[in-house]
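Below is one structure; the comments refer to it alone.
To keep things simple, chains are lettered A, B, C and D as they appear, and every chain counts its residues starting from 1.
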Amino acid sequence: MGSNSEFLNIKDVSTAFKINGKYYDAISHINLEVHHDEILAIVGESGCGKSTLATTIMGLHDPEETKINGEVDFEGTDLLKLDENGYNQFRGAKIGMIFQDPLSALNPLKKIEDQISEVMNYHTDFTSEQKHQRVLELLDEVGIVNPKRTARQFPHELSGGMRQRVIIAIAIACKPDLIIADEPTTALDVTIQAQILDVLRNIQKENHAGIILITHDLGVVAETADRVAVMYAGQIVEEGSVEQIFNTPKHPYTRSLLRSMPQLDKENDDLYVIKGNVPSLQKMPHDGDRFAPRIPWLPADAHEKEPAMHELEAGHIVRCTCYKTFKFPDEQGGATA
Amino acid sequence: MSLIEIKDLKVHYPIRSGFWNRVTDSVKAVDGISFDIEAGETYGLVGESGSGKSTTGKSVVGLEKVTSGSIMYKGKDITKKSNRKSLDYNHDVQMIFQDSLSSLNPRKRIEDIIAEPLRNFEHLSKDEEKLRVLQLLDIVGLDADALYKYPHQFSGGQRQRIGVARAVATNPKLIIADEPVSALDLSVQAQVLNFMKKIQREFGISYLFISHDLGVVRHMCNNIAIMNNGRLVEIGTREDIYNHPMHIYTKRLLAAIPETNVSRRAEHRANRLKVEEVYREQQDKYYDKDGLAYPLVQITPTHSVALPEDLAEQLKHEGEVQA
Amino acid sequence: MWKTILRRILIMIPEVIILSILVFLLAKAMPGDPFTGSINPKADPAQLHHLMKMNGLYDPWYQQYWNWVVHLFHGNLGNSYQYQEPVTRLIGSRAVNTLWLALFTTILTYCFALPMGMYAAKHEGKLPDSIIRIYTYVTYCIPFFVILVIGVWIFGYVLGWFPTTGSISSTAASGLPSIGSRFYHILLPGVLGALFGTVNVVQYLRSEVIDAKRSDYVRTARSKGVPEKDIYKHHIFRNSLLPIAAFAGYSITGLLNGSLFTETVFSYPGMGLLFINSISYRDYTVITALVLIYGILNLLGTLLSDIILSIVDPRIRIQ
Amino acid sequence: MEENLNRHSKISAADLERLSKEAKGEATPSSAKIIWSEFKADKPAMAALIIIIVFILFVMIASLFINTPKMMETDIMNYNSAPGTNGFLLGADTGGRSIGQQLIVGARNSIGIAIGLTVISSTFGICWGLISGYFNGYIDWGMQRVYDFMMMLPMTMMIIVLVTIIKDYNAVTLTLIFSIFYWEGTSRLIRSRTLSESEKDYVAAAKTSGTSNFKIIFKEIMPNISSLIIVDTTLSFAENIGVETGLSYLGFGLPMQTPSLGTLIANANDPNNITQYWWTWLPAALLIIILCLSISYVGQVVRRSADASQRHGIDA
């Protein structure tokens, strides 16, 4: 996992959406690297900008409604500078994407085989026989029991888990270096979720791909990720290895999130509740720590004016210095609200 | 006597096919389940999508036409509409829905939404009613200025709390909570669950808590039933289900819960794959020839499992030996 | 699927029977009789009485109905009192004209509507979209017969570009010139019908395309690296056009209804004009036959739509 | 409950007035206000609305001063008088009757029938759609069969046959005959929306709150499709002007002695009139076009205000 294996370098990327004629930042100044052979999880609650980051990398935004700044360096190319045609050389070929809702993400009127081989039409010069073989191979690889039969079916004839496997097959058809999985298991049952995560992990091992796994589910992160970036209100607030994040979380938001999970042996206690709400796009605070309003008991001088990222140990980065003095109200030395 | 007793409940939907469009088969959404809910407890009903848990909840609250079986409340079978009417059943049994946006009428103000059950079941003066609504809003942690607003002006968590306030309005004995927090973010989920617990403590309400999230269910419920394909496969206390699961389906479900302890994840994964393997191998043993679960057999006073007789005997014996 | 179609047809039978009874009774209830006006006004009442009796007009209604149905099954719709010729032959010659015009209008409608709907949706919210939307509002709300009258006035009388009556010029030679003349006669009503009949197809297609544009499967296609042009071709247009195909059946109803007006304004000898004339002459046999035919054509239109839809959409396809 | 609540909530009767006053200050505007503000923000829409209202009031009042039987008397002397001659502002027709006066009376008749038809057929169609969509099972099945049958009937033909059967019909009977056939479009639209509304949880919540079916249909579901109803009703109004005038044009609408915009346009059936005496029919045709365009434009504005994302006026 040396730094020379990084192939995706997101530098200072901001994406703003136009709402009633004005632009509002959905994500601001994101810096991230993705390496080969790793699963990077991006975790946060809804409205924190995780999906916007994914669609920004994929170039799926309508240029008239969005303003994107920064640089997405993918194997030496700045993706954000590409035109539509240039982007299409990457999409599907070197970057694959997996979506949340497996039913609507498949064209209801096309057979599974056609939907998988479509991606090969544009990125390979396979003959139709080769494509057919590859489709069967892929379906087998993602764990579909009867590839021949499934290839001939329509999406509505498959179960949710099967459909998600098909989506994965599409994403990996051209052996991409990067796979972006946006909430790939949210719509699925927990037993299916476990299977899909296994499939993802196996694919990553086999293809030496890098995976960006976007999810709100801390359990999924803990089970699957190698590295984790925690996002809040359009910014990354903490980044580190999965052990660093789960065993020694630093940022108040990370710690609050982990604390609000239902926990073993504390069934009769109340759960921890983070005060307030995630700010909406239009009401995003622009100076100071964006999480400060939700930990009001922490004195204002505990926060930096312009919260910067601080590296605590190799790979473990935290925004703002407030983590040093932060304590929960019920902890020793924590002030009451 | 239990608060509510569900006995051999079946909800089947006919499938019509063939030339004359006759009923040739049926979808057995709920296929003969029985359980009791005690006063003041939270009863968990767990299952994957399509297991029939929501249908069960809707039957208990009277929204679903029951094919056969009985739901006894105050000595009357409320699967009959006339009994529900004569008991003012929904005064005592209310519901919280999963989708908070869809469950609040977008064209009604919050006051009218919360007051709806009051207007139908309790005849209060205007001021009494308004006071009651304000107090209910206060209890779920919302300000009075919510009164004349519309549902879309609130966040998901706030809306779900409005739903809770409406369900509590008539001081019911039982609330059916159908996936009340699955659409919510983690921090908001905590808030709603806390309010539900608080209300239970203060008003002595029972919940039928329907969820697919085993973590949340463990946090909320004392007694739990696991549902699979329209049948119950295991019933027990929290302790029974989480520490001594007996049915392979329960075991498989528990093994699939993601492990948050990062250092144990390899071990956990190996365990899950093992359980998965066992599940595949022993499936015929735990399900009958139609792939359905067997009737429940009592193993301990609190713990029942859907097993064929020979297997049940064996397990009972093992249990005694262990004890 | 054949079973489904057959079942649909079976369900239609009682509908057609009820319609036939209804039509028959209504025709009977119409005031006047077909003879008083058509023969010598000084005719002997006894002779008239005899005529009525000969034609079975004094029998109880169910008897008359039964006779009518029996004849119907022998392909005999009776004689037109007004034209003194078998109704089947009379309607047959007129039906060709009506269907010819209807077919032309339908084809033309789709030729106008499909590109318009797709273009509007592709440029959603921009100028072309607004123009097309204004166009559809305008054509939607103005009553069609007003357009026809103004159209025939401007293009037929004032400019003199198109014929204003008939279905074929009396001087046209047989063969190619006769086809040309027929086509010349349906050109103006057809174009007007198509220009002002596009609104349903355009709006439906536009909203289908816009939905498809925003759908997740199109996003999937984008993430596959499919060029925009191909996304429209293989995903958006294909998926939006399939349900549109089913509209063709339903549009029959509208066209038949419109044929009464079109044929009156253009004095075009089709079934619609025949109906209007027959009403004035109380020509029962023709009236009943025409209402029945129009009703059955409406039914077949709906059936056609259902069949098309089930063929093109695998989700509805029934084994 | 009361004691329970009093025990656990710090709000008491003393706070009632203060709190509800505070809440009123935060209240959200109702949808009627939103529609009105949309009209205020859109000048052409306002103009269209004013044109329609002023025009309807004008013909209603002006027609009171016109003696219709006298107006309809034939006067050979004024055969096809051109506009501005013989004291006819808009000319006269083949019977020497004033076109201007006929326009006013005809417009009143046509609009009156259109309003009557819209009220009756929309009310019926809305109720039919709501009931058929809300109750699944046999009620819906039966209603659907009736609907299918009605859809099969060739409407215009049936109306013509009925008109010839009924002796001494007048504007009221004519409106009723039209109403038999013109509720279907509305009912289909309402039914499909009701079907999807009925599946939403707020309907289930109303059921578990003990609300009766009747109340759920008309007080819970109907307000949620009210914008659809308003839009559909305005557009049907524009369409219904075409229904009566069309039939009158064919000669099966209002009786000969009752002028309608349709009978005026029917003057164009005479090749002489259509080529030489354009004033006998063209004003009526243009009047219908302007009227229908204005009404439909108003309908579009209402539709837009119902869709929050397209509003020009205030945000809710």
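As a working rule, contacts are C-beta pairs under 8 Å (C-beta built on N, C-alpha and C of every residue); 3 or more make two chains touch, one makes a residue touch a chain.
This one's a predicted model, so the numbers in the text were calculated from it and none came from an experiment.
Asks: How many hops, at fewest, get you from subunit A to subunit C via touching chains?
Replies: 1
Asks: Check B-D against A-B and say which one is joined by more contacting C-beta pairs.
Replies: Greater number of contacting C-beta pairs: B-D.
Asks: Averaging only over C-alpha atoms, locate the centres of subunit B and subunit D and give their separation in whole Å.
Replies: From the centre of subunit B to the centre of subunit D is 48 Å.
Asks: Distance from the CA centroid of subunit A to that of subunit D, rounded to the nearest Å?
Replies: 52
Asks: Averaging over Cα atoms per chain, report the distance between subunit B and subunit C in Å.
Replies: Here the centre of subunit C sits 55 Å away from the centre of subunit B.
Asks: When the C-alpha atoms of subunit A and subunit B are each averaged to a single point, how far apart are the two points in Å?
Replies: 32
Asks: Specify, in ascending order, the residues of subunit B that touch 2 or more different other chains.
Replies: Correct list: empty.
Asks: If I count partner chains per residue in subunit C, which residues reach a count of at least 2?
Replies: In subunit C, nothing touches at least two other chains.
Asks: Within their complex, state which residues of subunit A touch subunit C.
Replies: Within the complex, subunit A touches subunit C at residues 58, 60, 84-85, 87-93, 95-97, 99, 101, 104-109, 118-119, 122-123, 154, 156, 167, 170-171.
Asks: Please name which positions on subunit D make contact with subunit C in the complex.
Replies: Against subunit C, subunit D makes touches at 148-149, 151-158, 160-162, 164-165, 167, 235, 238-239, 241-242, 245-246, 249-252, 265, 268-269, 271, 274-275, 278, 281-282, 285, 288-289, 292-293, 295-297, 300.
Asks: Which residues of subunit B touch subunit D in their complex?
Replies: These residues of subunit B touch subunit D: 58, 61-63, 88, 90-91, 93-95, 97-99, 102-109, 116-117, 120-121, 127, 130-132, 134-136, 138-139, 144-150, 153, 163, 166, 170-171, 202-203.
Asks: Contact residues on subunit C for subunit D in the complex?
Replies: 15, 18-19, 26-27, 29-31, 137-138, 140-146, 149-150, 152-153, 157-158, 164, 253, 256-257, 260-261, 264, 275-276, 279, 287, 290-291, 294-295, 298-299, 302
Asks: Per the contact definition, I'd like the list of subunit B residues that touch subunit A in the complex.
Replies: My answer: residues 48-49, 155, 157, 185-191, 193-194, 197-198, 212, 214-216, 218-220, 238, 252-253, 255-263, 265, 268-269, 272.
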